[in-house]
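Each of the next two complexes has subunit A plus one more chain, namely subunit B in the first and subunit C in the second.
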Partner chain A sequence: MSNILEAKDLNVEYLTRDGNIKAVDGVSFSLGFHETLGLVGESGCGKSTIGLSLLKILPINAKVSGNIFYKDKDMVKMPDNEIRSLRGKEISMIFQDPMTSLDPIMRIKNQFFETIRAHFPKMEESEMVKISSNVLKSIGIDPSRLENYPFEFSGGMRQRVMIALAIVLNPSLLVADEPTTSLDVVVQLQIMEVLKELKDQKDMSMVLITHDLGLVAEIVDKVGIMYAGNLVEFGDVDSIYDDPLHPYTQLLLVSIPNVKLEDMKLKYIKGNLPSLKSPPQGCKFHPRCPFAMDICLKADPPTFAVKGRKVKCWLYKGEKDGSRKTDTASIG
Partner chain B sequence: MKTYILTRVILSIPMIFILLTIVFVVLRILPGNPVTAMLGPKAPPEVVKSMEAQLGLDKPIIIQFGDYIANILRGNFGDSTVTTLPVIQELEERFPATLELTIFAMIIAVTIGIFFGSTAAYRYGRPVDAIARIYSIFVYSMPVFWLGIMLQLIFGVWLKALPVSGRASPFMTPDNMYTGLYTIDAILNGQWNVLYDSLLHLVLPSVTLGVVISSVFVRMVRSNVLLSLSSQYVISARSRGIKESKVLYAHALKNAMIPILTIMGLQFALLLGGAVLTETTFSWPGIGSYLVERIRYRDFPAIQGAVVFFALFVVVVSILIDIINAWMDPRVRY
Partner chain C sequence: MDQEKQTQLLSVRNLKKYFPLKVSWLKAFSKERSYVRAVDDLSFEIKYGETLGLVGESGSGKTTVGRTLIRLESPTDGHILFEDVDLAKISGESLRVKRQHFQMIFQDPMASLNPYMRVGNAIGHPLKIHHIGNKSERKMHVYEILNKVGLPPEEFYNRFPRHLSGGQRQRVVIARAVITSPKFVVADEVTAMLDVSIRSQILKLLIEMKNELGLTYLFITHDLASAKYICDRIAVMYLGKIVEIAKTYDIFKEPLHPYTKILMASVPVPDPKMKTKKFIPTGEIPSPINIPSGCRFHPRCPYATKTCSKIEPELKDVNGRLVACHLYDQNGKN
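Take a look at the complex of A and B:
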């Protein structure tokens, strides 16, 4: 068992009345123990769907195929009861919106207690108070606030409470779905700091879902770039930042604003995400890709292994060393 | 909280005054008065005159209004023109019947509403959900008296299993009255056969009324639970391994109940004013059938008294709802 998490050819489809939406399309990745993976992409690229499928809490109209191995056990085939006993205890999740993620009419205390009781039904209340207070303290919240209701906290504090709730039972894997998106910049950094501490001190593996490449660069080990349900590039964070292979990754990196540059014009990727109901033929990125070739219009590229990374792009067909260089400067 | 309740009570005073005025005026605009209603159109004029004088109906209307308001302020609702008994005493006799029927009907309606509604929401789009939707439309469009008559026919006439009218069989009333609710008084007296008899009498009217009201409750609970089931705190509770039954009842339903509670409470208050059709169908001696009976006789004091009584209950119940609301939802502070 070398990996805590391994997804193999994961597909998630949402069945709706007017057509099926393929939110995740043949995604494979792996995450080692104590590693942190950043899943990066635009809104609607399927990254949150992957997050939800790691805990199997997708909406009922979602159809999942493929495998997700958690500690070598396939979660896709696991019975509901077994999955439930993993949630919160082995795998936890924190969500984008801390304002709505806590039950508004339940004291924080009771939300902790019910989480603990779901896995340890016989635990004494005094023991639960101790555990909850410790985890709150470790995350920078006064334990006396256990008595409070969610509305008595600010946004950043609530996200801290959410994190505390997620890690109260010391899970091995934490899935964070855009944990800082709805917070202001100062609080964003504080929360990232909390996550970083968790990673370093508790040896937790993490999946960090975000659209902000810059924010996660410091704390992730591996990065997966998502586009329209596909994982287009997957590899070590440093090599991806230094030498992006997929044209989409290159464009994403170019579009990070840099205030130091004199040319203050914001760069962005032209066009929009394609409709997931009727995606374009061939490579889904070809309508926005500056390097689109004939083959890109006809066939969906397979994933090529280049420089120890995985890239889903025809540019790297038959190239083991990735010697082919695309000129990043010309595409901004 | 105290100031809030006090404000509510003070604000309800003008409301009740306006209501009193409207009832007074409407009753006197309507054709017919107690005298003609009782003596018939062919009564000799001198008899009519003396009776009008006796009831105070010969005075100018503004004086009548003044007397009426002054009496009510003293807690005097006047005497019935039909029975000459004090209206307040008659209401006291009739009200427990209505209260008992209302309580049982509400228990039935709330139970059906919560369980059926939340199950339908949880199984959205499945057969249970379809049945719940058909049930609520079907029951909602069903006249209450029709349902009552059908149940009387089936369980009373054909199966001869349940009594079809009244609150109790002859000689089956509790010996000592404490609350006026037969079931409670029977328990307090330890008269178990009386309790059984009164429960039997309650079955058909309370099921009829309860089922009809439940249709709205089922729909309301269903749509509100559906809404809260899709909310983020439900997903996040699931992500922490909380059991599905707890997710549904402790999180989704509890949050959904906050707005529903207000409507349930108002429905309760509305029923306390007498479920006219149900009470009439089952000859239930409550406020509803009292009102219908007395309107026929143009019994002004009785009608006015019943309406004021009703208004007071709506005020009290709606304040109670607000208190319960504040207790359930910590965000509400008055």
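Take a look at the complex of A and C:
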């Protein structure tokens, strides 16, 4: 068992009245113990769907195929009661919007108790208070605020409470879905600092889902770039930021607004994300790609291993024999 | 329109906006009323064709400034001179007629479009309200503006907002704001809800619209990085006050106020090797009900001295820029 999490050829399809939407299309990645993975992409690229499928909390109209191995057990086939014992205790999640993901009419205290009781029904209340106070303290909130209701907290504080709730039972895997998107820059920095400390102090792996490549640079070990349901590039953080291979990654990196004075020109990716109901033929990125070739219009590129990374782009067809660092299977 | 050669389109003097707190009627007799002091004595000018950035955290009062300027809120005190009319003084029909000259683009494109109104009708609605043109002229005008914002009219005129992506919706909202050819547009956190990759597209569109239609913007944001590309001058706001106001180039070259420095350091850098400890502010913006004594920023300021907790600094000229900080009290002594 070398990896805590391994997804193999994961497909998620939403069945809707006006046709099926393929939100995740043949995604494979792996995450080692005590590692942090950043899943990056625009809205609608399927990154949140992957996050939800890791906890198996997808909407009812979702059809999943492929495998997700968590500590060598396949979660896709796992029965519900077994999953339930994992959720919150082994794998937990921080959601995007702290305003809507806390129960507004429950004291913070009781929200902690609810989580703990789900796994340890016989625990004494004094014990639960002790555990919750310690977690709150570690995240920078005074334990006396356990008695408060969510509306008495500011946005940043609420997100801290969400994080505390997620880590109260010491999970081995934490999935954070856009944890700072609804917060402003200063608070965003504070929350990222909290996550960074968690990563250093606890024995925990993390999946960070975000649309901002700039935000995750300092904290993640591996990066997966998603586009229209595909994982287009996957590799370790330094090489991806130093030398992005996929054209989409390159464009994403230059389009981040920065505060450097010498760089006053606005750069952006032309066009919009394609509809997942009727994706373009061939490579899904070709209508926006500056390097599109004839073959890109016709056939969907397979994933090539280049320089120890995985790239789903025809540009790297010839360079197939790059040194292979990861032992994960290639995507079909 | 008068042909007077004035350069100021908008001039705000001592603008105040206090929201009264609800108190129980028992207490209402004895104590003085308490207020949320959202905007507290603000003065600034915006020239014709200029883009002024208003930057600050949530809760600093920047949205209230925007809403008050276009009179969605009535100011508690102060003057808003728009060309030669004091917007703070007019109301009713005279204000309503004036409204076609100033528009606002709101933060959330999902919430600011009527879900039951087709895109074309939504964009043409301001023309209808101000009785500009007849039906066919209005439709022509909408087609024209849809083209300008990069949405092919044949395809988008009859669509509903739910069929559009976030970026496209924001384009519709921008089209609706500029269709009456306003002189002044308040853009409130236009890019906050959008993905990083779409953000630059929308900023570019705003700049294009400005150049084509000769607009003047108040660009409200919490993200200094996006303000850099579009603003000519930037005003940094903290807890209802402007703490620094300067040309964009100067602010980015050397931020003077400690709060500006913090905002600057908060912009994430896409480089995994930058693992140095950053200048991270502790705590959060205090409540505008109990504003700290002296300098409003002193409880969070790393350079705070005794004076800061006692005397409130005024906006002062430091090397041709305006800063409200005691650090620069003696001729820019640092």
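In this section, the second predicted complex is superposed on the first by the 316 of 332 C-alpha atoms of A that agree within 3 Å, B and C clash if a C-alpha of one lies under 4 Å from a C-alpha of the other, contacts with A are read in each partner's own complex, and residues count from 1 in each chain.
Here is the rule we go by: a residue touches a chain if its C-beta (ideal position, glycine included) is under 8 Å from a C-beta of that chain, and two chains touch if they have at least 3 such contacts.
Since this is a predicted model, take the numbers as computed values, not measurements.
Overlaying the two complexes via subunit A leaves subunit B and subunit C side by side, clear of any clash. The vertex angle at subunit A, taken between the C-alpha centres of subunit B and subunit C once both structures are aligned on chain A, is 70 degrees to the nearest 10.
In the superposition on chain A, A:I57 makes contact with subunit B only, not with subunit C. Of the two partner chains, neither subunit B nor subunit C is touched by A:P79.
By the touch criterion defined above, A:A217 reaches subunit C but does not reach subunit B. Comparing subunit B with subunit C, more residues of subunit A are touched by C. In the superposition on chain A, A:M162 makes contact with subunit B only, not with subunit C. Of the two partner chains placed by the overlay, neither subunit B nor subunit C lies in contact with A:P121. When the two structures are aligned on their common chain, the gap between the nearest CA atoms of subunit B and subunit C comes to 8 Å. Taken together, the two complexes place no residue of subunit A in contact with both subunit B and subunit C. Remark: subunit A residues 42-44, 154-157, 184-190, 192-193, 211-215, 217-218, 220, 237-238, 241, 251-253, 255-259, 261, 264, 266-270, 272-273 touch subunit C in the complex.
Of all residues in subunit B, only 124, 231-233, 235-243, 246, 250-251, 254-255, 258, 328-331 touch subunit A in the complex they form. Interface of subunit C with subunit A (complex): residues 57-59, 165-168, 195-201, 203-204, 207, 222-226, 228-229, 249, 252-253, 262-275, 278, 280-281, 284. Residues 52, 55, 57, 60, 84-89, 92-93, 95, 97, 100-106, 114-115, 118-119, 149, 151, 162, 165-166 of subunit A are the ones touching subunit B in the complex.
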